[in-house]
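We call the chains A, B, C, D, E and F, going by the order they appear; numbering starts again at 1 in every chain.
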Amino acid sequence: MSNPVKDAWKQGRAVVNGWLGIPSAFSAELMAKAGFDSLTVDMQHGIQDYMSTVACMQAIQAHPVTPLVRVPWLEQGIIGKVLDAGAMGVICPMINTPAEAKALVSACRYAPVGTRSFGPVRAAIYGQGGAYFDTANDDIAVIAMIETKQALDNLEAILDVPGIDAIYIGPSDLGITLGLPPRLDREEPEVMTIYERLLKEAAKRNIAVGLHNGTPEYALKMIKMGFRFTTVSNDAALVGVGALRDVAVMRKG
Amino acid sequence: MSNPVKDAWKQGRAVVNGWLGIPSAFSAELMAKAGFDSLTVDMQHGIQDYMSTVACMQAIQAHPVTPLVRVPWLEQGIIGKVLDAGAMGVICPMINTPAEAKALVSACRYAPVGTRSFGPVRAAIYGQGGAYFDTANDDIAVIAMIETKQALDNLEAILDVPGIDAIYIGPSDLGITLGLPPRLDREEPEVMTIYERLLKEAAKRNIAVGLHNGTPEYALKMIKMGFRFTTVSNDAALVGVGALRDVAVMRKG
Amino acid sequence: MSNPVKDAWKQGRAVVNGWLGIPSAFSAELMAKAGFDSLTVDMQHGIQDYMSTVACMQAIQAHPVTPLVRVPWLEQGIIGKVLDAGAMGVICPMINTPAEAKALVSACRYAPVGTRSFGPVRAAIYGQGGAYFDTANDDIAVIAMIETKQALDNLEAILDVPGIDAIYIGPSDLGITLGLPPRLDREEPEVMTIYERLLKEAAKRNIAVGLHNGTPEYALKMIKMGFRFTTVSNDAALVGVGALRDVAVMRKG
Amino acid sequence: MSNPVKDAWKQGRAVVNGWLGIPSAFSAELMAKAGFDSLTVDMQHGIQDYMSTVACMQAIQAHPVTPLVRVPWLEQGIIGKVLDAGAMGVICPMINTPAEAKALVSACRYAPVGTRSFGPVRAAIYGQGGAYFDTANDDIAVIAMIETKQALDNLEAILDVPGIDAIYIGPSDLGITLGLPPRLDREEPEVMTIYERLLKEAAKRNIAVGLHNGTPEYALKMIKMGFRFTTVSNDAALVGVGALRDVAVMRKG
Amino acid sequence: MSNPVKDAWKQGRAVVNGWLGIPSAFSAELMAKAGFDSLTVDMQHGIQDYMSTVACMQAIQAHPVTPLVRVPWLEQGIIGKVLDAGAMGVICPMINTPAEAKALVSACRYAPVGTRSFGPVRAAIYGQGGAYFDTANDDIAVIAMIETKQALDNLEAILDVPGIDAIYIGPSDLGITLGLPPRLDREEPEVMTIYERLLKEAAKRNIAVGLHNGTPEYALKMIKMGFRFTTVSNDAALVGVGALRDVAVMRKG
Amino acid sequence: MSNPVKDAWKQGRAVVNGWLGIPSAFSAELMAKAGFDSLTVDMQHGIQDYMSTVACMQAIQAHPVTPLVRVPWLEQGIIGKVLDAGAMGVICPMINTPAEAKALVSACRYAPVGTRSFGPVRAAIYGQGGAYFDTANDDIAVIAMIETKQALDNLEAILDVPGIDAIYIGPSDLGITLGLPPRLDREEPEVMTIYERLLKEAAKRNIAVGLHNGTPEYALKMIKMGFRFTTVSNDAALVGVGALRDVAVMRKG
């Protein structure tokens, strides 16, 4: 086993990520076929639960795409379950303190590093030669969301927690805690300054930085700025925005 | 109760239809919000079964959109089930003979017109004042797919069957039986000639004609030609094509 | 194995049947606990499909209640599936001709009597000593719905088809084909005359007669009249009518 | 967007609430049609999980009824998920201390009031003009269950936590912690004294008080006493009690 | 695209097939990992419906195993649906006459050969270069079950129907129609004689012959006899028989 | 109500337990029929969620087998939900401290012993005479997993927590925290020494000790050593290992 997402980060390449919010393995297959490097099942804000997450991961297994999961919250039970089901990485919302960062790492790693419980029922099917245990602590990507003012205040301490592979920025929540309206693809100078600080501090520690984007055009700019994990499409938005566009053409016609 | 799709046809207006192939009530809601006149759950080629069809119809009920269902095949059991579940119209594939057209009408109408069995468990929730039975035979749209050479050979006889409200053209299947490759948004002159014949014969009998389109631009042209029921978006295509486009932008970037 | 419903008929006792239209194994358990002799999953007009039917039968297995299924239509595929899943009887809608009656019997019986295919994957779990095959042709109840004028015209010929264990009257459909509005618990003299004829002809042939009722009070009268299989409750009606009643109390209060 | 339940409370009107414990969107529709002001999906003691909760909320969206959810426990992950899925209020069990009350409010409110994460994927479909964020902190009803002796000991401090819109009494759990058997529709004088205290303290702070009732008759009395949120029907009880009643009529007959 | 099962037949190799009767994509993955050449979702006697069939096919897509489906009955609607969902072959029960054989071939082939309708929504994801249509008529395996005395009587005429790729023997049903008890792994001389006739007549026409076996040991013997498609494991039996064996060890211990 | 598992422990008998990791009520029925004393739905490492757990418990209710659930983690919400759904015992992973042991007991017991909330919607269906509440605190088995070095360090204090009915050993996790590779059926002398200590300390306090085994043969040895709760089969392993064995026979043949 190995994790192409972590390999890309080691090589300084940016990962193109898609987002699965529709609880359908068929929709997930359609996304997988498009050629993303990774797909993230969004159990936090998507209409996804554990079973739909498993179904999505089963459906994309045939494609050369790395399965990731954003869990609903920092809770060890669900983190263990999605890893056992085959997720190659966990994005965890609202990591605001070093203690939370440590708890996240612990939930994702077997002893002696952490407290993950052993039983990778589905994950081991796809591990090489039964060696899932031997490499899982290295392979699984631990991705902490930095998305509040509190997290920024604790940034260095959070990044210093051993075992954080990447951080992921939620622009809407970050904005809200800064007193700005929620939105993606932000341009405010104060936010840009924050992004630069995040990239700099993360780079010092060899930690990749990811961003949730609304458009590929914006994501491309962010890759140039240094982001190495960029979400650029969301199945629910593809349906919703695409349908609105088609209806608009008809109504104008 | 009344059926806005049939009302539009009576008034000569074209209906803008969306297509639901992803078995997800959430995806269906996103489509419903876009403003289509009607949404068709595709039980034939979509990844849909009876339960997902019910879930999609439940989810779009809050929106001003008329729920239609394309059934898998001319089979009275499933036609009755989707009508009982609240479909306001049935699109039935492969109506190639007058006998098949009669069987379709019969399955959609209560006696003495047809043989539909009474028990509109979900449909009656949304009927007005318990009067579902009184108006259902008028309200339900019976839509026969004309999509083979055999159907063209029998066209007038099929159209003469009392109770057919509309016909719906499947360009791929029609093409295949004519020796052409399957595709939407056809431009072949021989196909245009067929479309003209269909529109003319249907118009004589006050029957609306619908078409499955790949793009709204093509659909607009077809409305000008006389089509009154045009499918212009497909949730699965919105995801698949949209994702490919986004990834392409990233890979080029 | 044996079938308590058929045993009751042999002994001249009336069977009290409940109706499952809500696709929930939990709702089915609540019904099962109430003490019905049998419960019928309604795949025709209920919001039920094959999988919800299996789940309902699994959930009621712990209770002393005989599982029956009303199939959507006379189609051998689904009849075989529900029997394999453990149904002890099949109620089939719209048996209007002796040919349809014969097809129904054939679908429910193994050769040489019929054409049922062998593979009772779930049913055999609950058969005694693996002897499912040996007794299934005797145990399974074949119940033909008589619910149209056409069926009345063919009544004697239908009843003469060997293997029909019972007939079941659908008062709404029967009414519709007679030009009456659909309803349960009918009182029209012409309908009573029909019921008397049905009871008399069936009794001659040792065939039980069942009726779909709206209230237990009416069902009790019908048992006195000779009916031996009476549906008296419907989970969907219990919810819908009960909720309306509770809200009415509150609004008056 | 606005929340009719909160509007009613502002105007001093009592809200008539129904309870959804059967995991079925169809059952939920039947309840919705009955005319309740609000319906609460019970994820704590009902046979409901996140996906069935979403399905129930989708199915009742077409009706003028406000969707609420009782979450299984005070856990921010699931609170965020049901709000994102469109719940207009959260009932949280076992709020026994001011700290728990604060955590509940925090989970339901965006910064700077709380720590809810932004991503109302389904909720925003039904928000007006994309303005979900602008009004959500005002619209969402935060309802803390007071149902233990410990909560009574901390009552004033709990009620003083800013952001609690209502409290909801669980008579069974309250009884248990007082050494009484679990039951609804209690009449014990000591309990009445507690209810009076709750109503008085809540009224001082403009907080509505709700009660879980077993019958509409009892609920009416409680409205006169001052309760402004009264649960009066439960789909599972409607099935279970109704079926028992019907069978009893038959067995007596 | 190509079909490794048909390739094996062309090369005279025997295909080792597994059987999926448990409606679980996870169970299907476990089977897929075991190294079968093909896996057949059993929609006839297994606890499978269309949606569970799709889920099983999605889950095994990552493995080098060819997905086949046994449909419930000869019905064009479901045959089209499983092919559109990605089945590379259809096993159809109870093909007893040349007319039934022709109907089966027709349902599996596009015009001009047959009457399959075009819309391979999931299948095309895994077709090469969008060329699904071009090769599907060649790639899809049409497998007719020969399992009754009537079919034996019509054997040559059935085998002469163009487009039958293989026949599949159901030993239980075959036995029943011959007056023998249902069982697998038969040894009766009269059955062996039948098998020899089947193999001889099929070989003449270049048609592969398959058999449903209860043990791999018996299947190996049958391969030596000439069978080229042998089912040797069944997930439900692996659970049921394996659990009985483990409990027996414990009870004896 | 009573709990046969606790009865067995009182009488010093060993309980033979099966393990459900496949999310299928059908697979659960097959396991139940095999004759285990108890079956445990594994929500931690199995592909199970709350709804599949309920379905499995519904399906095994007809069999004389006691339903247990391993919850994903020590979280009161899910513990309450599985008990309300009818679990007769809870196995909780990773009980490492007396505080965690107390929290587990509290979540499983009604006041005044614990903090379980009342509402046994499904459990009460199967309680005797509505007396679920009266005996639940005695009947429900509270089973703490001892599976880390930390738990061993705290062993006596954990066992001294009132209300722990049994402990359950996870050999893989125990091994990992001891620096050994994860596996079942361990033979290392240091592990045997630990098992002996666990059995001795538990016996002093009348607490049963359970073990997760890979084979019945090993389990029999462990029963002789003193274990009174032995898991000996796992549905997922029966499928996976059984299929591998069958394919191996074929490939060798």
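Here is the rule we use: a residue touches a chain if its C-beta (ideal position, glycine included) is under 8 Å from a C-beta of that chain, and two chains touch if they have at least 3 such contacts.
If you want to know which protein each chain is, UniProt gives these names: A, B, C, D, E, F = 2,4-dihydroxyhept-2-ene-1,7-dioic acid aldolase.
This one's a predicted model, so the numbers in the text were calculated from it and none came from an experiment.
Identification of common neighbours of subunit A and subunit E yields B, F. In the CA-based superposition of subunit D onto subunit F, the rotation angle is 120 degrees, rounded to steps of 5.
Subunit C and subunit F have Cα centroids lying 41 Å from one another.
A straight line joining the Cα centres of subunit B and subunit F is 52 Å long. In subunit F, the residues that touch at least two other chains are 21, 23, 26, 30, 33, 47, 49, 51, 54, 75, 78, 121-122, 236.
Taken as a contact graph, with one node per protein chain and an edge wherever two chains touch, the assembly fits none of the named shapes, being neither a line, a ring, a star nor a complete graph. Pairs of chains in mutual contact: A-B, A-D, A-E, A-F, B-C, B-D, B-E, C-D, C-E, C-F, D-F, E-F.
Listed in rising order, the residues of subunit E touching subunit A in the complex are 25-26, 29-30, 33, 54-55, 58-59, 61-62, 121-122, 125-126. Chain contact summary for the complex, subunit E toward subunit B: residues 49-51, 54, 75-78, 80-81, 84-85, 110-112, 115, 117-122, 133.
Residue ranges of subunit F in contact with subunit E, taken from their complex: 16, 18, 21-24, 26-27, 30-31, 33-36, 47, 216-217, 219-220, 223, 230, 232-233, 235-236, 238-240, 242-244, 246-247, 249-251, 253. Those residues of subunit E that touch subunit C in the complex are listed here as 21, 23, 44-47, 49, 51-52, 71-73, 75, 78, 93-94, 147-148, 170, 172-173, 176-177, 179, 181-182, 236.
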